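For reference, the structures are reproduced in the following blocks.
The two complexes that follow have chain A in common; it is paired with chain B in the first and with chain C in the second.
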Partner chain A sequence: MKRIKAVVLKEAFHISRDPKSLAILFLLPVVMIMVLGYSLSFDLDHIETVVVDYSQSELSRSLTQKFSHSHTYSVTQMVRGKQSQTPEETAEEMLKSGEIKQFIVIPHDFSSRIKKGKTSHLGVVIDGSDSNIANIIHQYNEMLTFDFMAELKDIKDILRISTKLYFNPENKSAFYIIPGLVAVIMIMISALLTSLSVAREKETRSIELLFISPLKSHEIVLGKTAPYIFIALIEGALILAFARVMFHIPFRGNLWILLMFSLVYIVTGLSLGITISTVASSQKVAMIATLLVTLLPSILLSGFIFPLDSLSPILRAFSYIVPATYFLEVIRGLILKGAGLKHFASQGLILIGFSVLFLVIASVKFSQQRKAGK
Partner chain B sequence: MRIYYLFKKELIEILRQKEMLFLMLVAPILQTIILGYVVTTDVKNIPVQVVNLSESQDAFRIVNRINHSSLFDVKKISHTPEDYISIFKKGTSKAIIILRDGFNEGRRNLNYPEVQILMDGIDANTSGIAAGYFNGIVRHYIMTDIQKKGIEFPLKNKTVIRFNPNLESINYMGPGIVALLLTIISMFFTSIAIVREKEQQTMDTLLISRLTPLEIYTGKALPMALLGLIEMGIGILVVVLVFGIYIRGNLGYLLLAAAIFLFANLSYSLLISTLCTSQQQALFFSWFSMVLFLLLSGLFTPVENIPTAFRWLADINPLRYLIRIIREIFLKGNDITYFINDLLIMSGITVVILSLSLFNFKRMVSK
Partner chain C sequence: MTDQDICSVGPYLITARNLTKKFGDFTAVDKISFNIKKGEIMGFLGPNGAGKTTTIKMMTGLFRITSGDVWIKGFEVKKDINQIKKFIGYMSQKFSLYPLLNAYENIEFWGGVSGLSRKVIKEKKELISNEIPKEILNQQVKDIPPGIKQRIALFSCLISDPEIILLDEPTSGVDPEVRRNFWTKIYELKKQGKTILVTTHNLDEAEYADRILIIHQGQIILKGEPSELMKARKTDSIENLFKRVVTNHEAN
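Right after this comes the complex of A and B.
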């Protein structure tokens, strides 16, 4: 224990000697969560739509009105095309340049066919380049025209569907982005903190001093990890406080349980970093490896942006080795659903398991290098 | 000619470490492939529980349709009400669908069950899409049923989807991922190029050599540009071969845009490198800028949703323009008139960053 303390002290000196790095590490996550928290949003509130109305009848106008009165669309009517083009050609151009997301063509015989009791076809062209958005637009369109029809046929409330969202009744994306950001930033920061610690000593050769010291390998690894827990925990609390104050994310669960899980998660990140650091031969290798291991998987494979249930089985398996996956379940459940400790026992144990595994790998690797180094 | 030697030295330095080569060449390929498969924003297999309180044929058939759709993965069908909140807390189901008999005396013949969908609203994006789809399933059922009963529908939408008719998100994300990896790799390697020499005090050797500051700067940037272009080529090849995405537009323009972007990225990284005093600082700083670049590029979420206070951050982000151009070329097959503005803005940004960074470098050298 005393020997570990010596390593901890030495490492703490190292940290305090470079305040510039420390300042970057404290400041950047705060900036990041502020900018990204406001900027990342999937909400779709004005679908730019052009309506080409060839019918110019009462019916067609009321259909157009139905679109323009809905909050989700911003509708422009087009009567004439640019220069010698037909309106459809112009609309097609606009679609190509990205000015509009879709255009709707109401045919000449729209009103007359409907009055005769026949079916009229509405032409809809959607920009599919973002498949997600295109899908949502398509669904909205279908819902709207169904409503229009039901009113026409006087069977208005034949379709009775009510949707209720729990935990997030206004369907704000911040509720789901912010906890995700917290999880991603926490693991990146904590892994980065330790990822350079051993690699730097390798680069400056001061590691040889550690090699020949009487310290055991696992003592060195633990001692090098421990001081960062403190920094990372402050950082984690800072990020959480920010999420709460800036974005008014409700904290429905128990704060202490959340802090406890954050601590476990941070230790996982730190141990991941120290493992990479012992394997890597230089600071830049360590840094890039850390980034490749934490950044993209934590964003893409953790359920942060893309729902895990939709992943293919192989990738789903990958998501189980990403620590952020577990923490994300915990933080979303705790903050937003007010779930209790009993719901998350397995996630906690898995994260602890990860930390132990990483620390063991790091110690083994370190002692191997030590033998080779001597 | 003198630059050539520096160029060679830099290349040797980069290629000396085998793990470096792995990180530069193999890792991006693996990541492109894995990420390419991940980033299907398509929603499917949402775990759902059905509570059918109606005994009608219609309710039974609707449940059947839900069961058969790939969107929902029906975990359990029950016929009695349950404690819905605790189901959500446990997290076993993301949605609960409840069917009830509705009362509608007037039209006995057209009486359909009342449907309610309760969703775990935390994942706002998924729940929105799922609710929409679910609505579609029920609507479709009622429509076909009404038609069977002899009521003709006055209106049908004939929907055409342009540019990506099968709505596969890989077509949209794949090329973007290449740009993303290009940013990550080239930024990291370049941002430490100068600061490493400072740290190891080899900078002085370079400075007392006969190389002019401009030559040193170019000699540092060029090898990275070369490697970046090679990497870009590999990335595009992977996207085309593995995912079968067909480039509709002009490949030449794509390379031109990539090259301009690469220079913006390199000069920004060199700027970081001149301003920082240790490799650690440089790496932290580039990591930070990278995260902002990536997440504000419009690849994951629409740029239009960024509030005006931070919009400028997206506006000066060269990656944003590259991603737009890539999509114009890959998906839409548009010719240059459609993205000439983006190209020009990106070039403008490149020139500004490049001069800033060169200016700073010269100042550092003269000290």
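Right after this comes the complex of A and C.
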């Protein structure tokens, strides 16, 4: 304990006297969350839409109005096609040229069928060249038509589907992007803190003196990890506060549970960083390796952008060894659903398991390096 | 007993036998053998890149030994490096003190790492305060002049009172007066019974050592007491002696 304490104190002094590095490490997450937060939004507005209304009834006009009153759409009505074309043909050309994202055809018998209580079909053609966008447009359309039907109070026998999006009623992508971003940035910063600190000692050769000293390898590992928990936790809180203020992310859960899980996750990141540092010879190598190991899997394989269900079985298997996967479940659940501690016991245990594993690997790696020399 | 006898007992505290270090095809240290007696100051001489630091790093376990071995106090470096660490002090030319910590904090750190009690560390801090003004000791090491820094570094290296002291180029980059003071300190350590191996490329320092090893291109080309070596080769300075043996070695 005495020896670990000596390393912890030394490390803490060193951090506090190097304000430049510290400033960079505090600035980096703030810049990242702003840049990525604003650029990664999947929300659409002003979806260019052409409505071809063959029904020309009160009902069809009110449906068209519903579209044009929504900020999500920018609606143009089309009565005739260009030259000898039908309106659909003209709309199709506009779709091809990218002028519009979709066109909607309201059939002649739209009003009469609905009034008789029969099903009527709206024809919708969406530009599917970007399937993500197409999906989102489709969802928006569905939400809007459901709303429309719900409002038809004088029609009794029509099927009413009242869908309500729980946790994210406006279906804002920021609500699930930002917590994901928090998870990615938190692990990146934590891992950078420790990996750079060990790599710096390798560069100045001070690590040699630590290796020659009576310090045990696990004492070096623990002593170098512990002081960064505090800094990483402050950074974590900063990232969370920033996400809340800048992107108006709601918070429905218990703040202490969130902080507790952030702490567990941060320790996982710090341990990962120190493991990376055992194989990195310089700060540059450590930085590149850390960014590669933390950013790529956390963005691609954690469910941050691509839903885990849509991954191939092999990638899916990989997602289980990405710490961000587990923290993402916790943070999304906590922030948006207000879920409690009992929902996340397994995630917490897995993250603790990761930390222990990384710390053991790092200690063993250091021991091997000390025994074998170069 | 000659150097060729393989042993780790008797008067010798350190015995190296055919010690070799290869980095790929390059042989940095080539089958060197030497003995160091208890209480002796051994000077390890040679130009930069001769293999001095590599040898010390093998002795401390920082470099893996390619072949041959070293015994320190009866322990084999290859097997028992953790035992050996308990009684060696090492001061490196590259790094000895953390630059952003002040001198006291560095001493606390190395004391803590060596497992010293808080009381002993406090005593050590008082001890160095008698030698060096407190204002300087309270400065971050990066702002302390090299001469004083070197004294603090030596102090930290000796903090756990090691029996064997390995000094790698301790006097590089400091002025002659500091060097003289440094050697006075080394003599004090010798009087206390410490065994000291000190590497240097400053040839004038060799005369301070009880015995010297001259290493060139990874091989020991001369060893013995400085005065006897000079007498045998009829020169009056180590510098001339060094030039002569190096030229001979290169000619062969």
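In this section, the second predicted complex is superposed on the first by the 259 of 374 C-alpha atoms of A that agree within 3 Å, B and C clash if a C-alpha of one lies under 4 Å from a C-alpha of the other, contacts with A are read in each partner's own complex, and residues count from 1 in each chain.
To be clear about the criterion, a contact is a pair of C-beta atoms (placed from the backbone, for glycine too) under 8 Å apart; a residue touches a chain by one contact, two chains touch by 3 or more.
All values derive from a computational prediction rather than experimental measurement.
> Answer with first, second, both or neither: which of chain B and chain C does A:18 touch in the superposed model?
Both partners, chain B and chain C.
> Is A:257 contacted by the first partner chain B, the second partner chain C, both or neither?
Once the two structures are laid over each other on A, A:257 reaches no partner at all.
> Considering only touches as defined above, state whether A:350 meets chain B (first), chain C (second), both or neither.
Neither chain B nor chain C is touched by A:350.
> Looking at A:142 after the superposition, I want to know if it touches chain B, chain C, both of them or none. Which is it: first, second, both, neither?
first
> If you tally the residues of chain A touched by each partner, is the higher count for chain B or for chain C?
B
> Figure out whether A:364 sits in contact with chain B (first) or chain C (second), or with both, or with neither.
A:364 contacts neither chain B nor chain C.
> Considering only the touch criterion stated at the top, classify A:128 as touching first (chain B), second (chain C), both, or neither.
first
> In the overlay, answer first, second, both or neither for which of chain B and chain C A:30 touches.
neither
> First (chain B), second (chain C), both or neither: which does A:233 touch?
So A:233 meets neither chain B nor chain C here.
> Between chain B (first) and chain C (second), which does A:9 come into contact with in this model arrangement: first, second, both, or neither?
second
> Share the list of chain A residues that count as touching for chain B in one structure and for chain C in the other.
18
> Which residues of chain A touch chain C in the complex?
Listed in rising order, the residues are 2-3, 5-7, 9-10, 13-14, 17-18, 204-206, 208-215, 370-374.
> Spell out the residues on chain B that touch chain A in their complex, using ranges where they run on.
Result: residues 17, 19-20, 23, 27, 31, 34-35, 37-47, 73, 84-85, 88-91, 94, 102, 104, 107, 110, 112, 114-129, 131-136, 138-139, 142-143, 146, 151-165, 167-169, 171-172, 184-185, 188-189, 192, 196, 277-281, 283-285, 287-288, 290-292, 295-296, 300-302, 305-307, 309-310, 313-314, 327, 331-332, 334, 338 of chain B touch chain A.
> Quick check on the complex: what are the chain C residues that touch chain A?
Contact set of chain C toward chain A: 57-58, 60-65, 81, 85-86, 88, 90, 92, 94-96, 98, 100-101, 105, 108-115, 140, 160.
> Once bound in the complex, which stretches of chain A touch chain B?
18, 20-21, 24-25, 28, 31-32, 35-36, 38-44, 95-97, 113-114, 117-136, 138-143, 145-146, 148-149, 152-153, 155, 157-169, 171-173, 175-176, 188, 192, 196, 200, 280-285, 287-289, 291-292, 295-296, 299-301, 303, 305-307, 309-312, 314-315, 318, 329, 332-333, 336-340, 343
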